[in-house]
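Listed next: structures, encoded as structure tokens.
Here come two complexes built around chain A, the first alongside chain B, the second alongside chain C.
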Partner chain A sequence: MSVADLPSSAAMRRATADPDRRQASAGWLMSAPALALMLTILIAPVLLALMLSFTDYSLGNPSFNWVGWDNYERIFTRSTYTKMLSATFTYVITVVPLSVGLGLGAALLIQSLTRGAAIYKAVYFLPVMATLLAMTIVWQLMLHPSIGVINRGLEGLCAMPFTRGLLSLSFLGLSPEATWFGRVCTEGAPLWLGDRDYAIWVVCFIGIWQGFGFNMVLYLAGLTGVSRELYAAAEMDGARSYWERFRLVTWPALGPTTVFVVTITCIRAFQAFDTVEALFSPGGGPGKSVYVMMFAIYEKGVTQNLMGIGAAITVLFLIFVMILTLIQHWITERKVHYT
Partner chain B sequence: MATVTLRGIRKNFKETEVLRGIDLAIADGEFVSLVGPSGCGKSTLLRIIAGLESASGGSIEIGGAPVDRLRAADRNLSMVFQSYALYPHLTVAENIAVPLRMRQLNTAQRLPLIGRAVPGARERGREIDARVLEAAKTLEIDQLLDRKPGQLSGGQRQRVALGRALVRAPAAFLLDEPLSNLDAKLRVHTRTEIAELHRRLAATFIYVTHDQVEAMTMSSRIAVMMSGEILQCDAPTRIYEDPNDLRVAEFIGSPRINVLPAESDSSGRISVLGKGLPLALHEGRQTLQLALRPEALSLTHHTPLLQGRVVHAENLGHEVFVQISLDGAEQRVVLRTDPAMQAQLHLGAKVGLTFDPNRALIFDAKGQRQRNLLRALQEIPA
Partner chain C sequence: MTRFSPSLIIRHFILMIGAAVVLAPFVVMLSYSLKSPAEIERGTGGLFGAQEMMVDPKCALRNAPRRGDIETARTRFPDRDDSTIQTLLTEEANAACEVRPVVFNYRSAFQDAPLLRYLLNGVIVTASIFLLQVLIALPAAYALSKLKFWGREAVFGLVLFCLLIPVHAIALPLYLGLAKIGLTNTYAALVVPWIVSAFGIFLMRQFFMTVPDDLVDAARMDGMTEFAIVWRVMLPTAVPALLAFAIFSVVAHWNDYFWPRIVVTGDRSLFTPPLGLREFQAGADGNLYGPMMATATVIVIPLIVAFMLAQRRFIEGITLSGMK
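After this line comes the complex of A and B, so read on.
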């Protein structure tokens, strides 16, 4: 054995004198591969996007220029991006409460069933299992202005005097222009996808239709955790109506589930893309009324190869999601009670 | 406060008969325990009284009025659950206030935030707060009013559950094994407290437990239930000393009562393990069972009725339970004795046992108590 193989006396003294430090460095060494992976595949792309958002880079270009806050300024000043933010928030604000509410409602109804619950679960979950892109094409067909089932159906209802009178409320003495159905009969059925008043709501509807089954499943799982004895206690305490028991027992017990469901639904709503891509590509719908964020990122960053602005929207998107996550954290800490 | 009367209560879960015709009359202010092994139907019976479960047959009256058609919320009963069933999102004060808020405030007044602005809500709210504080003081939990159930110990939660039950004056209190989740020491303490609470409130209590000690120590009467029937309903001392059924004798008392095979000859005279006793039945020859409490047995050196060897001894400090394997019989008997005697009772020691024939309980082969005994020798016909 050579002298070089022996640890120097100083190193040995250091090692024996400070075992904590030695253990700490061993710890860092062992977690280094995991840390390296985390940095390269999770954090680096986000930092890269952040960096690109301050440039005018295009894929294939040998170089780029730093443009500072220009990309962000454009987002908040140009009307296209104002429309993008408006479409995104309209979508999120409509889809989140309705798909969470419907999911909860469906879960409560299914749970109250003694028979046939499995069938309802399967049926409501069908849209979640089917790919959204494929289902969107079906919807496109159904919503077709002249050959679609929906407008054919509306025309059929207008043709029958009884349903026309009933649905346009003309039996109450209202003029045909006073109700939506009356206008459909006189002016013709709407161009669902071509009308800027309808397009975003159609997309919202498809989003809710597709998403609430997922929320229902999460709520069904949450409902199994509600103690039966609490309902008995509520009944003994004089909670006579279903609503009282819901407020006293079910809703608080579903708190953790609700926080999770709302956060997931919000993030999914911000990520809405398939429907818009299938129905309104290119352009983002009539008057850019359905120009949601994900679609904008795709259009700018991929289709038009404007990486800089695409990255800026991405960063903005990440900020919204981060804010949502922080709100979730805050609510969980303060308002939700885990038993 | 009110009487509770049960007539022929039956309950079937599909094919299984859980309750087979329960008749029970509970007087105003009485503390009745329903005690029995698990699965005997005692909790089901309590839930039927509460209205949380419907009976398959029979009728219930509370305070003389039939309640069969009333739902649980309208029966004016309070219940303490085994799991306490506290609302986890409400503070202790809010938990205790729930029964009052539900009954004394209307729907508008109960609304969150705006409810307080509804006319009358403020005064009612103040009344409720006062009642909650009073109940909390009774149970010495007034320091905990702002905490959530998650921050309380098992014993404290149990008190909150009691507080929620006694904050209003119901017709009767129903308690479903309220002590079973507490540790042994706290259980003994809370037992006393519940008994004192009952004395102070002079209210009707129906208490379900599988623990015979709880039933013995707190109740005015014990209803011993087994396989869906009440075998006997009597004062604790009667249940212990004078059981009607061997199953009652075996269930009540710790350690278990000693049961020895006995028989009566054609003249009715009873003998146990071949030794004649100064006891006789009017009926002729039959197989019997003779039951003896551990304290009815005593050690003797002269003319022992039973003989055996010590196989195990448990010293509890103030008393010793000695297990003795009898000569000429398969089973063991348990003897309760003074710790001073333990020196003689080393393992394997040969001992002689005797008992006062008057303290022996005689049951027939089916376990029914035989009461028409002729006690003194001279009464026995030759």
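After this line comes the complex of A and C, so read on.
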């Protein structure tokens, strides 16, 4: 470009005009497939979902009606969908902070080690790679009310007077009904997946189990970027304790990582499906307590062929994702540049 | 730092508890895939099962003596009555059907369902997705980073926008479109939604930005066409980035359950490994935990082994999305 801008290079410009045009046409040719596919596979479906959300379309029906905001109104008034929203948000609000917190905690602990760090890192990363559906089925077997290892373990602990006394806190003089473990021993171990009070938390647990290793790795990468000098400077300024140094140096330096980790964990949490489908299909768990959005889209839109309502949930979902991304951009631009 | 400070011990203790919780399901999966149904039912057999001979129930049922067998066996047992002959024959059949639990579990996993087919489908689908992603992303990334053309910024803007759309979220309209053109229950349906990866284009574009222009110019001097430059100059420089992207893509699609669940209904010959396992769990054999866990192990193991062999690359690849 710089050569062509020189006044004396008119002849040269003529010579390069042809290559320039060739470059432009090659550029278009090369990006055309990607462009066309992005428009048909990603953009068109978003618009289609938006359109369908105002109809009562079903696959196979010759025609459909425009129903205005009916589908959206239903989402916010019918109990099925309010349960869906509450299950989704319960899941997101539980899984995001815990898996981010555990990821950070694991990263800090692992980083402080001189030996064994690689082993812990590999172990914590295993669930991220393992097929979630398969591991969900394993958890289901472990949580089996009668033959599962978890309830067997609880029964075993109840059977031993020492552990029973310790875990039910009866050595403090509490009655067996006062503690969770005491109730397990007297009334029997929970049904877990069949119990409305436990189902959603089990799904949350599996989500955290699967995802925190991913966050750990991102935090470990972030921690390598924190300069040693900052710690030295903080120490000179009187930050003696570990906690002080964390608060003054590590946490602010991890700001950009945290914003990113929280956003990506949120988006992944909103997309929870495999666990719910494997454990609670059809229906969405006892009392629809685990009826998360992706599962609702699948069940309403695909299984029951109610495209309109499925599309409305899709649109709502996309809006949530957009809001999250906007918040991320806003925070990133506003304050997280410390390093 | 001192060698055995209490703080170090506490840190290891916490990390070990974490590791135990993380590993528990993997241990259970492997352990149950080795045990006999009776051991699973009673909770005995330790980690590896006692590996005592057991009778394969399916085989025993298949070989159970029928009316005709008793007739023909009469010559072998001349002075016995029919019910005794039947008992003897049943014993013989059972003896012929004795297997070690581990053999039983893994053999059932492959024989009762076309697991090999599922695995093959998984390979076909993940490989096609990755190859098509590269085929489409590489030229586009090259154009967006090294070629000047009108509208380039707009195209790149679209790529950035598409990064925000999770493909799973728009599954319903995609499914509708595919159903309308009659593509559900085909390999195409499993592959098509993923072939344009905005993330792949973005990633490769960022990588190509770091490749010096001189390299491209030199290739042009040599008379290479722009397309030849992409495949013969840029592709070789991009191998490390492509490898990371390959891991990212293969792990995501090998493990994906949501999309195959939507577009493949009923046709077992198209099932990907997760769909096959799900069918096992939901089917009549759902209480045959040993074979089910064997199936799960077979599905999960390939990636885990690959991970063990190339840990750093895997972690890089899967956390690629952290590079944004």
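Assume the second predicted complex is superposed on the first by the 299 of 339 C-alpha atoms of A that agree within 3 Å, B and C clash if a C-alpha of one lies under 4 Å from a C-alpha of the other, contacts with A are read in each partner's own complex, and residues count from 1 in each chain.
Simple rule for what comes next: a contact is a pair of C-beta atoms (placed from the backbone, for glycine too) under 8 Å apart; a residue touches a chain by one contact, two chains touch by 3 or more.
Predicted model, so just to flag it, every value in this text is computed and none were measured.
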First (chain B), second (chain C), both or neither touched by A:Leu248: first
Which superposed partner A:Glu229 touches (first chain B, second chain C, both, neither): first
Touching partner for A:Val95 - first (chain B), second (chain C), both, neither: neither
Touching partner for A:Val290 - first (chain B), second (chain C), both, neither: neither
Contacts of A:Gly238 with chain B and chain C, given as first, second, both or neither: first
Which of chain B and chain C A:Ala269 touches, first, second, both or neither: neither
Superposed model, chain A: greater residue contact from chain B or chain C: C
Which superposed partner A:Val138 touches (first chain B, second chain C, both, neither): second
Common interface positions of chain A, toward chain B and toward chain C: none
Residue ranges of chain B in contact with chain A within the complex: 47, 50-52, 71-74, 77-79, 81-83, 85-89, 98-99, 102-103, 148-150, 164
Contact footprint of chain B on chain A as seen in their complex: 227, 229-230, 232-240, 244, 248-249, 252-253, 255, 337-339
Partner chain A, residues of chain C touching it in the complex: 1, 8, 11-12, 14-15, 18-19, 21-26, 28-29, 32, 40-41, 43, 136-137, 139-140, 142-144, 147-152, 155, 158-159, 162, 164-177, 179, 192-193, 195-196, 198, 201, 220, 225-227, 230, 251, 254-255, 257-258, 261-262, 273-274, 277-278, 281, 289, 292-293, 296, 299-300, 303-304, 307-308, 311, 314-315, 318-319, 321-322, 324
Complex interface listing, chain A residues touching chain C: 1, 19-20, 22-28, 30-31, 33-35, 37-39, 41-46, 48-49, 52, 59, 102, 106, 109-110, 112-114, 116, 118, 120-135, 137-142, 147, 149, 152, 209, 213-214, 217-218, 221, 260, 264, 267, 271, 273-274, 277-278, 294, 297-298, 301-302, 307, 310-311, 314, 317-318, 321-322, 325
